[in-house]
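Dropping the structures in below, format is structure tokens.
First chain A sits with chain B, and in the next complex the same chain sits with chain C.
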Partner chain A sequence: MSEKNSVIMEVKNINLRFGGVIAIQNVSFNIFEGEIRAIIGPNGAGKSSMLNVINGFYHPQEGEVWFNGEKRPSMEPYQIAKTGIARTFQNIALFKGMTTIENVMTGRQLKMNKNFFWQMLRYGPAIDEEVQHRRRCEEIIDFLEINHIRKTPVGSLPYGLQKRVELARALAMDPKILLLDEPMAGMNVEEKQDMSRFIIDVNEEFGTTIALIEHDMAVVMDLADRVVVLDYGKLLADGTPAEVQSNQAVIDAYLGVPH
Partner chain B sequence: MFYRETGQFKSKYKEELAAFPLAEDKVGIAILLVIAYVFIPIFGIPGLSFEFTMGAIMIPVFIFTITTLGLNILLGFAGQISLGTGAFMGVGAYSCYKIMTIFPDLNIIICVILSGFVTAIVGMIFGLPSLKIKGFYLIVATLAAQFFLEWAFIRVAWLYNYNDSGGIEGTNKEMFGLIVSGPQSDALTRYFIVLTLLVLLTWLASNVIRGRIGRSWMMIRDMDIAAELIGVRPLTAKLSAFAFSSFYIGISGALMVFFWLGAAEVESFDVSHSFTYLFMVIIGGLGSITGSYMGAALVWVIPVLIKEIGKTAFGFDAFVMENFSIIFLGVAIVVILIVEPHGLARLWQITKQKLRLWPFPY
Partner chain C sequence: MEILYAILIAPFVEMGSYPDLFIQALWDGFVAGTLYGLIALGFVLIFKASGVFNFSQPILVVLAALSLVSFYKMGIPAWISVILVLILFYVLAWLVERLILRQLVNQDGNILFMSTIGLTFIIIGAAQWIFGGVPSAMIVNELGFPNGSLEWPMFDGGVYFEMIDISAAVIAVIMIVILAVFFSKTKIGRGLRAVADDHQAALSVGISLNQIWVIVWFVAGIVALVTGIFWGARSDVSFALQIIGFKALPVLIIGGFTSIQGAIIGGLIIGLGEKIFEIYWGPLLGSGVEGWFAYVIALVFLLYRPQGLFGDKLIERV
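Then we have the complex of A and B:
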């Protein structure tokens, strides 16, 4: 793991409202390069909204997002994807009509640029590019152990595997920061262990910075280097798993609530 | 076990990325090409006159397959619906007519391809609403395009060179000393030209949909929000789909007039035709190139054959048979959609799957 003290991403005083609903209220925290950062909190705390702010899908009314030491101007999601932010979704958002390998290949979309002419001929530069990116995707597929379902349409896969394909697709973007929205929701213990192992491997082998939302506290305590706790859109605590776990406000607001 | 994947290992990704990675598919395509290029021109279709085979079956089926490919690119691959296909064929036909008027000596194939480009631009303009609206509202917008274009084909007399008939008509066009289009052209010559364009356009389409651009269309179709967060720009993806699709539809419209009908008026491009092409895509199978062939063939050939059989075998008059074939087509559509909502292409897939295991049930 790389040195964990340089800030790669920082959100400052984020305020996000939907009409009368205040989803995020004056939240600030940072993410170090190479760390696994967990975001936890009860349902409706604003966790997913926070990820949506980070990858540009939601535009907060107030606040700043700093990335790589620069204040990020207002951008469209597809532009933000270019800067190296990838994510998975709380409700799986795979391309249902495509196979596993095709889904993973979509992660390379931004790195491919051969024009319509070559695409039509599927020859020369276009096919070279396709082969080169295909190779990387096959590596990721090997890495996540989803070889056996390469050619399967993702719509017919069980839930746990779909989550894994989604991770593969995000990894195919070679992201600097990977945002995972409840990657283990709805999984059994064994699937959760597999997924935890993959997350750690991604972090260690590729050096990818990871921000993840997770409800399972045992998992969070195992995986995360640092934890942000949100509650009703407000920042409740921020620190190492041990610090957060012993924080009285967190115990009252969150750990006391059964999940 | 006629059809098998096992035992055919791909040592390079490049081989796997080829159009037909399976040897059986390659053989199948080769056989079809030989039938189309050699057998049908020599032997025709058994039981049918040569003229009927060419003029009523083969040439129109090939042309409508190009139309269906075009519409399928938009609807099946990019998920954007359009009811303006008839009118977009009109754009291809009228622009080809104008290009031929302005450049009388230009090779007609080049005129046809240029009219495809004109239609691509028009299609892109009428595709602009898709950036803001989806589904039902987009249908209405494309319907508006259909009616606007129909209006233009009647009111803008410049489009048909101010002639009294209000229609457009092909004249004899030569290529390498051979008359390829117009009243004196030979059906077989036109057959080969249309067939060759169809083969080329099929190849190009299958290339595009398997590459980066084709994937961007399917991403928008399947989950537009995720597509955007991965870096697909909806504007580029949608408009390129409209353009590419319209390119095909425009070419098919020009071919329809100058390589099949010989002349046309606005009725050849009306909304009922748009529906027919939509049926071809849906019956064949959304998002399938093979399905585009099957849908166009079935929807075109069955009514033609019913009419012909009714006329020659039973002596029914054309009007009765016309209605009968419409009813038959309607029933066929409903039955196919109930049996297999994914169209003929899926039925073909299932058959292939069975052939893979044959003679074992599993």
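Then we have the complex of A and C:
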């Protein structure tokens, strides 16, 4: 793991409301370069909303997002993707009609800049570009051990593999920050172990900064370097897994307090 | 017995005894089929990319033909008029994206469908206001398409190939090949298929929905222009042209709403089928078979293969 002292992303005093419903209330935290940062909390705590703010699906009413030391202006999700933020979704969002390799190739979409005219004519430089990006995709597919399903349409794959293809697509973007929304939801123990291993490998081999949402406390404690705990849209605790685990407010939120 | 003979045997005997007539029927059916296919293609493009059944596609065909002829009548050279029509369609695509699609992101398909009905009437009104509604002839010769016909003597008679039909078939084939390569080999094509599958996921890998929608509507406009030129050459250029748009519906049901090759093959099935059926079985049923044949075939498909020949089969996991 790389040095963990430089802040790559910081969210400051985020407030997000939907009509009268307050989804996020004055939440601030930061993400260090190269770390695995977990966001946990009970259902409806605002975890996914937070991820959606970072990747631009939601625009908070108040608050700032700082990325690479600069305050980020209000941007559309596809523009934010260009700045190097990739993500996966809680309810898998793959291109179901395409094969695994095609899905992963869409992750290189932004890096391809040859004219469509040359691409249609299969003109030399356009082919070279395609080959070069394809090679990178194949590496990622190897890395995540989904070689055997390269040419399979993803709609027909089992759930656990779909999650892995989604991770591959996000990785193909060579992201500066990778956002994972419940990467292990709905998996059995074995699949969870595989996915944990891949997340750690990605972090160690590529040095990718990862922010993930997870419900399974045991998994979070193993994976994460630091943990943010949200509850009812508010920041409850922020620290190392051990600190968070012994925090009384967190224990109350998870186990309930007698009234 | 006699009726069985008339249905099952007599037509084939006739095909065999007058092969020139049969070949003529095949050719006419083929040309009509490619044009049906082109209309259906316009629907498929937009349906694939945005999940919208674009009710206004037939009126786009009318708008293309009408504006082309009107520009020419203003004294603008034919090929410059074509370029002006393309510019018009680009502006239209941009406006549709800005004023309709962007406002309705994530809305139900029915709402988007309704909005295209609204768009249809806006275009009808605007086109009538600007270009007038007087039927006129398509400027085929001015565009440089050859006149007359080729006669190919064979057997006892001969088969006629109208030059304009040959041009239509050749251009339709070229266009289909270009579109197929565009969607399978280019980055934009890949982006388009991505948008068709999942909006959120497409955004998350950096694809701009807005840009893709403008491109798709523009390409559908180009398809409408080609259809308008050749269909306008077969009949007059008038608002009645949009009626042929309805022929695209059975084509789509047969080919599948999401498949480019489905649109073409569906078009050919309808074009060839209705021609052959009209000539050989039509007399048994009285004439006018061409009017309903396509819809009966579509009904059969709806019963036994609702996703069409090439459509995506819908399987819900429960």
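Note that the second predicted complex is superposed on the first by the 254 of 259 C-alpha atoms of A that agree within 3 Å, B and C clash if a C-alpha of one lies under 4 Å from a C-alpha of the other, contacts with A are read in each partner's own complex, and residues count from 1 in each chain.
In the analysis below, a residue touches a chain if its C-beta (ideal position, glycine included) is under 8 Å from a C-beta of that chain, and two chains touch if they have at least 3 such contacts.
If you're wondering where the values come from, they're calculated on a predicted model, not measured in any experiment.
For the composite obtained by overlaying on chain A, chain B and chain C cannot both be accommodated without a clash.
Of the two partner chains placed by superposition, only chain B is touched by A:Glu138; chain C is not. By the touch criterion defined above, A:Glu204 reaches neither chain B nor chain C.
In the overlay built on the shared chain, the residue A:Lys82 is in contact with chain B and with chain C.
In the superposition on chain A, A:Leu110 makes contact with both chain B and chain C. Using the contact criterion defined above for the overlaid structures, shared-chain residue A:Asn55 touches chain B and also reaches chain C.
With both structures placed on the common chain, the touch criterion links A:Ile127 to chain B but leaves chain C unconnected. Shared-chain residue A:Asp252: touches no atom of chain B or chain C.
Touched by chain B in one complex and by chain C in the other are residues 55, 57, 76-78, 81-82, 86-87, 89, 93-98, 102, 105-107, 109-110, 112, 114, 116, 119-120, 122, 169, 173 of chain A.
Within the complex, the chain C residues that touch chain A are 178, 181-182, 185-191, 193-194, 196-198, 200-209, 312. Considering their complex, residues 55, 57, 76-78, 81-82, 86-87, 89, 93-98, 102, 105-107, 109-110, 112, 114, 116, 119-122, 126-127, 129-131, 134-135, 138, 169, 173 of chain A touch chain B. Within the complex formed with chain A, the residues of chain B that make contact are 12-14, 17, 19, 204, 207-208, 210-216, 218-219, 221-223, 225-234, 240, 244, 287. Contact residues of chain A toward chain C in the complex are 55, 57, 76-79, 81-82, 86-87, 89, 93-98, 102, 105-107, 109-110, 112, 114, 116, 119-120, 122, 169-170, 173.
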